[in-house]
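Before anything else, here's the structure in question.
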Amino acid sequence: MHVGILTAPLRTRPLAELIPWAAEQGIRALEIDVRPGSHLDAQTVSDAAIDELRELMAQHQIRISSLACYANMTGVTDEQARSGRESITAAIALAQRLGVDTVCTLAGFPASGKNRAQTIAADLPAVFRPLLDLAGQSGVRLALENWFATNIQHLDHWRAVFELLPDAHFGLNFDPSHLDWQGIDVNAAVHEFKDRIFHVHAKDVSVDLAKLKRVGYNGEGWWRYTLPGYGRILWGDFITTLRDIGYDGVLSIEHEDRAFPAEEGFSKAARCLNNLI
Amino acid sequence: MHVGILTAPLRTRPLAELIPWAAEQGIRALEIDVRPGSHLDAQTVSDAAIDELRELMAQHQIRISSLACYANMTGVTDEQARSGRESITAAIALAQRLGVDTVCTLAGFPASGKNRAQTIAADLPAVFRPLLDLAGQSGVRLALENWFATNIQHLDHWRAVFELLPDAHFGLNFDPSHLDWQGIDVNAAVHEFKDRIFHVHAKDVSVDLAKLKRVGYNGEGWWRYTLPGYGRILWGDFITTLRDIGYDGVLSIEHEDRAFPAEEGFSKAARCLNNLI
Amino acid sequence: MHVGILTAPLRTRPLAELIPWAAEQGIRALEIDVRPGSHLDAQTVSDAAIDELRELMAQHQIRISSLACYANMTGVTDEQARSGRESITAAIALAQRLGVDTVCTLAGFPASGKNRAQTIAADLPAVFRPLLDLAGQSGVRLALENWFATNIQHLDHWRAVFELLPDAHFGLNFDPSHLDWQGIDVNAAVHEFKDRIFHVHAKDVSVDLAKLKRVGYNGEGWWRYTLPGYGRILWGDFITTLRDIGYDGVLSIEHEDRAFPAEEGFSKAARCLNNLI
Amino acid sequence: MHVGILTAPLRTRPLAELIPWAAEQGIRALEIDVRPGSHLDAQTVSDAAIDELRELMAQHQIRISSLACYANMTGVTDEQARSGRESITAAIALAQRLGVDTVCTLAGFPASGKNRAQTIAADLPAVFRPLLDLAGQSGVRLALENWFATNIQHLDHWRAVFELLPDAHFGLNFDPSHLDWQGIDVNAAVHEFKDRIFHVHAKDVSVDLAKLKRVGYNGEGWWRYTLPGYGRILWGDFITTLRDIGYDGVLSIEHEDRAFPAEEGFSKAARCLNNLI
Amino acid sequence: MHVGILTAPLRTRPLAELIPWAAEQGIRALEIDVRPGSHLDAQTVSDAAIDELRELMAQHQIRISSLACYANMTGVTDEQARSGRESITAAIALAQRLGVDTVCTLAGFPASGKNRAQTIAADLPAVFRPLLDLAGQSGVRLALENWFATNIQHLDHWRAVFELLPDAHFGLNFDPSHLDWQGIDVNAAVHEFKDRIFHVHAKDVSVDLAKLKRVGYNGEGWWRYTLPGYGRILWGDFITTLRDIGYDGVLSIEHEDRAFPAEEGFSKAARCLNNLI
Amino acid sequence: MHVGILTAPLRTRPLAELIPWAAEQGIRALEIDVRPGSHLDAQTVSDAAIDELRELMAQHQIRISSLACYANMTGVTDEQARSGRESITAAIALAQRLGVDTVCTLAGFPASGKNRAQTIAADLPAVFRPLLDLAGQSGVRLALENWFATNIQHLDHWRAVFELLPDAHFGLNFDPSHLDWQGIDVNAAVHEFKDRIFHVHAKDVSVDLAKLKRVGYNGEGWWRYTLPGYGRILWGDFITTLRDIGYDGVLSIEHEDRAFPAEEGFSKAARCLNNLI
């Protein structure tokens, strides 16, 4: 296992700066955003830029854990869905070009008038079938982040998706923080979906139990995302559980902890994780 | 304190049958739906019908605890909002006519593009101000049921509403079941809002903790509404807490337990409550 | 739903006394032990005795909810297994003769050198296949009590048994007390095995949490069986959950509460349950 | 087991009224306060008054479960200690005169400059030795109520007292409510002190968990005493546990629930308990 | 954020030794006791001593996080109160002289015959008004440690104090250990009092749950203070929560863990905290 | 305190390799298996081998924390019991020869037809008396690992053993993981058996709460052993509790975490523990 970062909060920093800095922090992988406006726009990136990136990575012993393309194709406008499809198509092509084995994306929002289970049954096959075929031909895996707001809010949704679309190269970008605050057992999720965990987000959760008793599970402000090591998730326990199912990939720090500036946060979270992996 | 029922599930049974039956079950109050199509349509009910009702109630020693008019005026279409306003206006008039001191209604859904707190701040004063004025002039109290799907999902919402609209005749139709499954402490809610509890719904909650560990707090199917006495709420504790704040009104059984037919459910829940009050 | 009793603790009292007494306590069904030495020895009972029993039941409006034949056929000596088979065979025949639709029995103990899952896979099909065939031909259902000491200790065992032996007339004599003290969610078990619950044992559990912290889950003396209503199980919740899956059968009080004499215990437990069903 | 009441809240009602009223409520025993000013002043009561009392009790089938003399002899002024000693001495004499086998009293407060354990070791033997000798000679048992404010706040204190003063006629007036809100396991206490439970107070506890998260265990207002059946104690479980140690005495309702008037509270609590014992 | 220590347990070690040693342990700040007999007696310290201290601090890059003057002015003898006032007055003067922005003190004990809330209302304004005025004029903040034995045992007390004395330079020396063992949510306290947290004590809590079940919340010995990182507090979570409210000050290790010698304890606790901040 | 390892998983690696490697990982002690086939067969080891071992240890500053001889002498065949006795006898002799003060062994399994308490009472004195005498004469302590499957499953068993065999040189190889998953409070165990903790195993536990709700406490697969720091045990808390009772010995990593290869696991667990001790 090794530590990586999702580059989104550092998108304005040139890769020529970012990569050496990351290497110094003990970061060994980047999950690079490839949508328009990011470091590496999958639809426009030049061969020269790719060559430069490869050199930087080789020089600093950093790899790309995945290409991040967090677009939704259901529960959005037709235009957004079309744009999402194009982004993911381009991301798959770029992954193949770069030799990156995983593209991370999202499962979509509930479609209008349907709940999550209904959207999964009615809409997801049509949306993901062509992308999965393309990904399969390209030797690339598609990994859905289990963001609770999307269609794969909980484990029954996960099971439904993989029963409908059982392709071996379709899986998860597993984020334990979304499970923890919802009261879903993280270890149970790892065990049940052991063949589907392609990529892992390292994100944690801090809770305020006094506030919870006033606003309830559906309320706001009783939990917030924190950096790994700065919440209530047991990272040693999570890491051995991941190892136990044979996972040997990245712990990609997703930095959504408003209490830390981007660089400081990544650096300190990497230190925490590197003390355990 | 006494036991009542919300008549909705028995709306097809004539009052001349319903009232004697209820009295036999130890039911001492009716929360009568007064929207179009119900036993007592507030907009059309005749004097003769009212006289008959009064006679039935006197004969069987049953009172009306409130008129139920569960309409929403935010987060719905303009037409629905207008119709809701008319229904509540009519309900207030009918309450005055009948000498019933409370009309139960709802707090509305979140308005488009706003969350609950924003809807409360932006929209509720305009919606409720005229109705509260009318109710005040009519000697009638308005009580909002704390249905979690509406704008008063949790205690911070409640506080916000009553800070904006502090009229002494604006309060709650307090339903503990909505709090319990959300993890909100019922006794804390009673204590904090002791001056606002005008009416109480008796409804309970049954949970499946194994399912919860899979689907999480936001998921479906880990809890369901049951009849009072058939879930995990401690009714003796709730009753003494209500007494402690000086509440001496109805426990109005809201029957949403799919496991019991209407009559059987009301009868058995009334038996449970009458053993405690 | 109605209240019954497992007659075992009253086996020395003649049916001519027992049945009128039971009827007076609000007991409407008997789960009668039919092994040798009991009220109704399935292998020897005479037509005259059956006629007398029928008359008593008709006179006191009591039915037989099931014939109880708690024999084990694995994890015991060959002689015990043979005797168990004969008892159950005789019980099925007697059930058909009496028009009783259910025979309650046990799932056996782990076979020597095998754990429960292995015993289920290796031994249960051969043991139960012929009995199930016979029961099917006789219009009788076989119900296994989920006693934790037998092969169906927990829900994964239950699932394994019914995958191997899916006959629709093979099911459970569901006892919530065995689940509760083991930390298994009772409602989850009812929901998952809704088509297999043929009969229900009413038994409860009392715990000593200070002792638990010393002796642990595997230790002795931190829990004991009690009568329904005299432990920590929520009976109202359990009853509505059973109703929710369509169960409308017996709650058969199994009296293993050492703190109550047999008659007093049955009578008081029946009072508790009759206040809820 | 049978239901009784501690008469304190009804001390202004003449026994000639109180006893018939109590009998009608299903109350079978009185724990009568015998300090000056109460129904039965142990130091002044006349033979005539006792005769009248005996007649009332015989007529209404009510007994005296104990004489209540809740005086403290440590942690108070010398005058209070002296008065306490005299009251208890008189109570013992009256108990013998009446044929009542138990006098209920208190364990004293911590002495100045000592904590509870120190007070028990240093002061209790001298205080209780002469009273226990007198009680032993009089055939009367002394029972200390485990009020948390006194020296026997918790189980280690109980053990210390009975190691120092092991007289078989020295025991407890066991009140589960004091244990419950302190987080002490009630069943564990019953099991460990099974030979010391001479009398039982039926009192319950209602809690506000949101308040607890703000004010903490030491804070005020997160719990309050309620009537039995109107709090979170499982009375069926407690009753079978008491039976299990052989207790067959009174459940004496101590009415400290501010939400119920005296008579109504006793009546409803008696109904709850009589449905279980 | 940076790590500091409260110097009390090392008061016999000369500053010329203590400061270099501390710097080597990764300690960046001292909370120096300034009462008579300590390293730096506020009432007698010479300019020369101050100069030497300043030089040592500059040389070893250590600052003073606060002057500690843990005196009480209510619930004590008049003489103690007077002495306390003088100490704090001197501490404020010394803080100004040293350019230290915070003086840590205590909120007093409950006054005789009053509980904490009553003492706060009746006595605290008179006690703290003059000191706060002086502190304000001196550019110094007063911070009360929330020791549970003092008047600010819980959050309702905190709120009462700051409503009575709302000066912006009046706040808390926030110690999470006092909250944790009392069952008060630490994160809730940080959020609610975010403008009042001037200084933070790093202290932890170890619990014995088996003992708790015997002695209860009020009992002795079920919890004890430990060094940060050696108890059940989640320090990463606490640190991000402090950052979230904008706290960027000291984590001042208060060493009350009887299991570690002074130096070893400070050193190991500093290592734990420095791995997180 | 210092970190050690139980060498079992590395038994095929020569000590000349193992010891330098261990020293590099921050490991300061070995718990060496001395049964036939291990690094150091107590029954056959030559003086030359011992000399070599001593030299290696001196050179790399590693000591032997104990000789491990995990044999059982009850609940096994006579042959196994005899062989166990011989192994332990040889281990005691070797310990004396090496100057190692502790031999770790097991408490035996329940004897046929007896439960643990019965086996302890009936069989353990005869089994351990001669070994304890020999150990006492040899200046060696015997320490039983509290493996839950053996006779000392829980604290009541521990107490029974030490009441029967109170020798001061008879104690425990304390493993917190066996207690944790059983729901037994680890700190309570340390406090109660403070004079008996001779050696400590560092092993942790990971749990799957969703699985627990299906399979129950007795079920399989809801917990598994992990390396210290990779489970739910609070190691800082455990370490200060051990220090608190005066324990200053080894934390001997017992590697049963299937998710880590032997060397990697020992190395990472040693890093975790060395950050705390």
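As written, the chain order gives the labels A, B, C, D, E and F, with residue 1 at the start of each chain.
The criterion applied here is as follows: a contact is a pair of C-beta atoms (placed from the backbone, for glycine too) under 8 Å apart; a residue touches a chain by one contact, two chains touch by 3 or more.
Since the structure is predicted, the reported quantities are computational estimates derived from the model, not experimental observations.
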Practice problem: Averaging each chain's C-alpha atoms to get its centre, pick out the one most distant from subunit C. | Solution: E
Practice problem: Compare the contact pairs of C-D with each of A-F, A-B or B-F and report the one sharing over half of them by residue number. | Solution: A-F
Quiz item: Is it true that over half of the residue numbers where subunit A touches subunit B are used by both copies, so same, or is it different?
Solution: same
Quiz item: Where centres are the averaged C-alpha coordinates, which chain has the largest centre distance to subunit B?
Solution: F
Quiz prompt | Geometric centre distance via CA averages, subunit F-subunit C, whole Å | solution = 44
Quiz item: Tell me, which residues of subunit E touch at least two other chains?
Solution: 184-185, 188, 209-210, 213-214, 275
Quiz prompt | Arrangement of touching chains [line / ring / star / complete / other] | solution = other
Quiz item: Among the chains present, which pairs are found to touch?
Solution: A-B, A-D, A-E, A-F, B-C, B-D, B-F, C-D, C-E, C-F, D-E, E-F
Practice problem: Would you mind writing out the residues of subunit C in touch with subunit B in their complex? | Solution: 184-185, 187-188, 191, 234, 236-237, 239-241, 243-244, 275-276
Quiz item: Which residues of subunit C touch subunit E in the complex?
Solution: 209-210, 213-214
Quiz item: Where on subunit D is subunit B touching in the complex?
Solution: 204, 206-211, 224, 226-227, 229-232, 257-260, 268, 271-272, 275
Self-check item: Residue numbers on subunit E that touch subunit D, as the complex places them
Solution: 115, 117, 148, 153-156, 179, 182-185, 188, 212-220
